[in-house]
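Two complexes follow with chain A in common, the first pairing it with chain B and the second with chain C.
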Partner chain A sequence: MLQNEQEFTRILKERLEGTLAREEIDDIVSDYSEHFRMGKESGRTDEELCKSLGSPEDIARELKALHLVKKAENSKSCRNIFHAVIATLGLGLFNLVFVLVPFLILLVMLFVIFIVGVLFAVFGPIGFVFSLLQLAGQPAFAIWLNPAAGAFFAIGITTMGLLLIIGDYYLARFFYRIGIRYLKWNISVISGTEEI
Partner chain B sequence: MNIQFKKGVLEICVLSVLAHKDCYGYELVNEISKRIDISEGTIYPLLHRLKDEGYVTTYLQESAGGAPRKYYRLTESGRKEEHEQKEEWMRFCASVNALLEGKNNAAE
Partner chain C sequence: MRTNEPGDDKFAGLVCRLNLSGLTVTKIILWLLAITIVSFMIGVGVLAVSGDLPGAHGKTASPFVEGGSPGNTSSFTLVGATSGAVSITMGAGELTVRGGAPEDTLMEATVFYRNAEWQPVITESVNGSQKIITMTDKGHTAKEWVAVHSPNSWAVQLSNRVPLDLTVHTGAGDTSLDLSHLSLASLVVENGAGDTEITLGSAPVPGPVEISLGIGDLTLRVPKASNTRIIVHSGVGDVSRSGLVEQGGFFTTPGYDPNRPVTEIRVKQGVGSTSLEAV
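So, the complex of A and B:
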């Protein structure tokens, strides 16, 4: 258990360094030193104040998660959303189920759609070329029962592949936006502490 | 009371206290912790977030014989948010209470 303000401040600073900017850390620390100052003025001891504030590790975890989610919102990238998810996971065991599992499911789904799209977009044009060669009377390329129908089918597959890739992109953006909102809500509701 | 539940209502509590008057951090924490048993430290990250979202602003004001204090004030959008969340909370409580009372009656 923490005994005094110096220790509280030291741990808080230590945990925030590397993630938050210098000025932001100073701003946060100044809030807590004001809290300690006012508390002592009203006759409470260092120890009492530490106890009622709760652990600085938990406070730092929440501030970091907030910061990283905001960062992922302002500059969209895989790396940023990944960091935000990891930081939110740290807020409680609960989030293994409510953050990690949905995140992985979405990731796999978007990946599968992308792969299927790429396969369609690659094999469609190949099938189209084959059907043309088959129509031109090249027996080595005779993969279609009906080369004319095959040509149209290949065009259809190619188009579908491209649409899947484009759709996947918009789907990813959509889930990114929803994901950020969900993480924000999650941080505001999930407590970093398992006990009071 | 369940701690997860408490943290969720902290935001409306903070907004509501600030809707009545501007507060400095320690004052706000006291207002809330005298009614709800919470880790007082979690109020500051919440204030930080509310500031980010534009619901509150801060200003420094000299106190009588001491260092200046950081006051928190609701913005226009903060007031709107407070109003909406309060309405929502009241409706929710009324429904839950009605349900709980109904259940008790049925058990008798």
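So, the complex of A and C:
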């Protein structure tokens, strides 16, 4: 158990380094120093204050998760949301179920939709060319029951593929926003603070 | 509350740059949706008008060609001929040739096809004592080699009883020739693209045996007891041998004797592996 302010701030600093900027770390540390100062003025000991604040490792984990979620919110990218999810996972084992599983399900769903869209967008034009060759009397290319109908189906398949790709993009954006809100809520529940 | 997202709208930015005649993402989506619906509706309409609508007349619910014919078998008798010449030309598909045709029959061919117009044209004629049969894919063109999956499948059985000149040309597809029970007088095999498997018998083939492949793997089997010499010209690909002896740039069966009747096989391989086996 930590006994003094110096040890507390040293661990906090160490754990935040590499994720947060130097200025942010300094701000956080100065906030905690202020907390210690005010606590001491009211007659409380370092040990009591350390106990009331909790483990600096846990505080650092929460601050890092919060920072990465905010970063993912401000700058949308796969890398940022991935880091935010990983950081949130570190807040508790149960997040394997409540964060990782939904995240992976969404990821697989979006990937499958994208792949199906790409396949449609690629094979549609090929089907169209085959239908033309079939119409031109090339039996080796006869994949369609009816080549004239096949030409239209091929156009429809191509545009459906493009729609799936575009739809997947907007779906990904939607789930990104929902995901950020969910991660924030998750962190607030774990840290016992109001939602950020 | 949404913030301004620099990395968020790369796609939207791209679409904006393509903002031709006031096209917006919404308009593009609506256009694509409309084209999709209309295309499918016209496609179904064409199928309905032509009577090919899936579900009608027991047809499956797919606009694609499915399944194949149960097999259309034709037999060609020898009618007194003492030798035969069979030429098979297939655009694309799977070809299987083997011996064991019924007695007095030079060739029995079973054709599996998915479209009536894909049936081959088979002609027969007699030249002296030789019966000549040509089996040709009438849709065969030089372009067919690009067809990856052909719906055609031919299974040909030839007579074991009479000497036979056999010529096989295939554009694309796998070819399997089990000629181990045939009395071959000569053999010419050409395959544009696809794997080829040939098994020869122990009886010497007096005429030329020429195998020419474009792209695809070749497996050639000869009996160990046969007197066979194989000359290989390979472009790109490995040449492997099993049970054969390499001597002077040729491959021969273990007991090869040039003074006895020899089966001389010339192989020209373009791209693909060549596997020579003495079994």
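The rule we apply is simple: the second predicted complex is superposed on the first by the 190 of 196 C-alpha atoms of A that agree within 3 Å, B and C clash if a C-alpha of one lies under 4 Å from a C-alpha of the other, contacts with A are read in each partner's own complex, and residues count from 1 in each chain.
The rule we apply is simple: a residue touches a chain if its C-beta (ideal position, glycine included) is under 8 Å from a C-beta of that chain, and two chains touch if they have at least 3 such contacts.
Everything quoted here is computed from the prediction, not taken from an experiment.
Enquirer: In the overlaid three-chain picture, which partner chain does A:Met109 touch, first (chain B) or second (chain C), both, or neither?
Expert: neither
Enquirer: Once the shared chain is lined up, is A:Ile86 touching chain B (first), chain C (second), both, or neither of them?
Expert: neither
Enquirer: For A:Pro56 in the superposed arrangement: first (chain B), second (chain C), both or neither?
Expert: The first partner, chain B, only.
Enquirer: A:Met160 in the overlay: touching chain B, chain C, both, or neither? Say first, second, both or neither.
Expert: It touches chain C, and chain B stays clear.
Enquirer: Have a look at where A:Glu41 lands relative to chain B and chain C in the superposition and call it first, second, both or neither.
Expert: first
Enquirer: Would you mind listing the overlap between the chain B footprint and the chain C footprint on chain A?
Expert: After superposing on chain A, no chain A residue contacts both chain B and chain C.
Enquirer: Write out the stretch or stretches of chain A touching chain B in their complex.
Expert: By the definition above, chain A touches chain B via 28, 30-32, 34-35, 37-39, 41, 52-56, 58-59, 62-63, 66, 70, 94, 187-193, 195-196.
Enquirer: For a test of understanding, state which residues of chain A touch chain C in their complex under the given definition.
Expert: 73-77, 137-146, 148-153, 155-156, 159-160, 162-163, 166, 169, 173, 177
Enquirer: Give every residue of chain B touching chain A within the complex, in rising order.
Expert: 3-4, 6-8, 11, 24-27, 29, 33, 37-42, 44-49, 52, 66-67, 69-70
Enquirer: Mind pulling up the chain C residues that touch chain A in the complex?
Expert: Per the stated touch rule, the residues are 2-3, 5-8, 11, 25, 28-29, 32-33, 35-37, 39-40, 42-44, 46-47, 50, 52, 54, 59, 62-65, 91-92, 114-115, 117-118, 139, 141, 143-144, 147, 150-151, 171-172.
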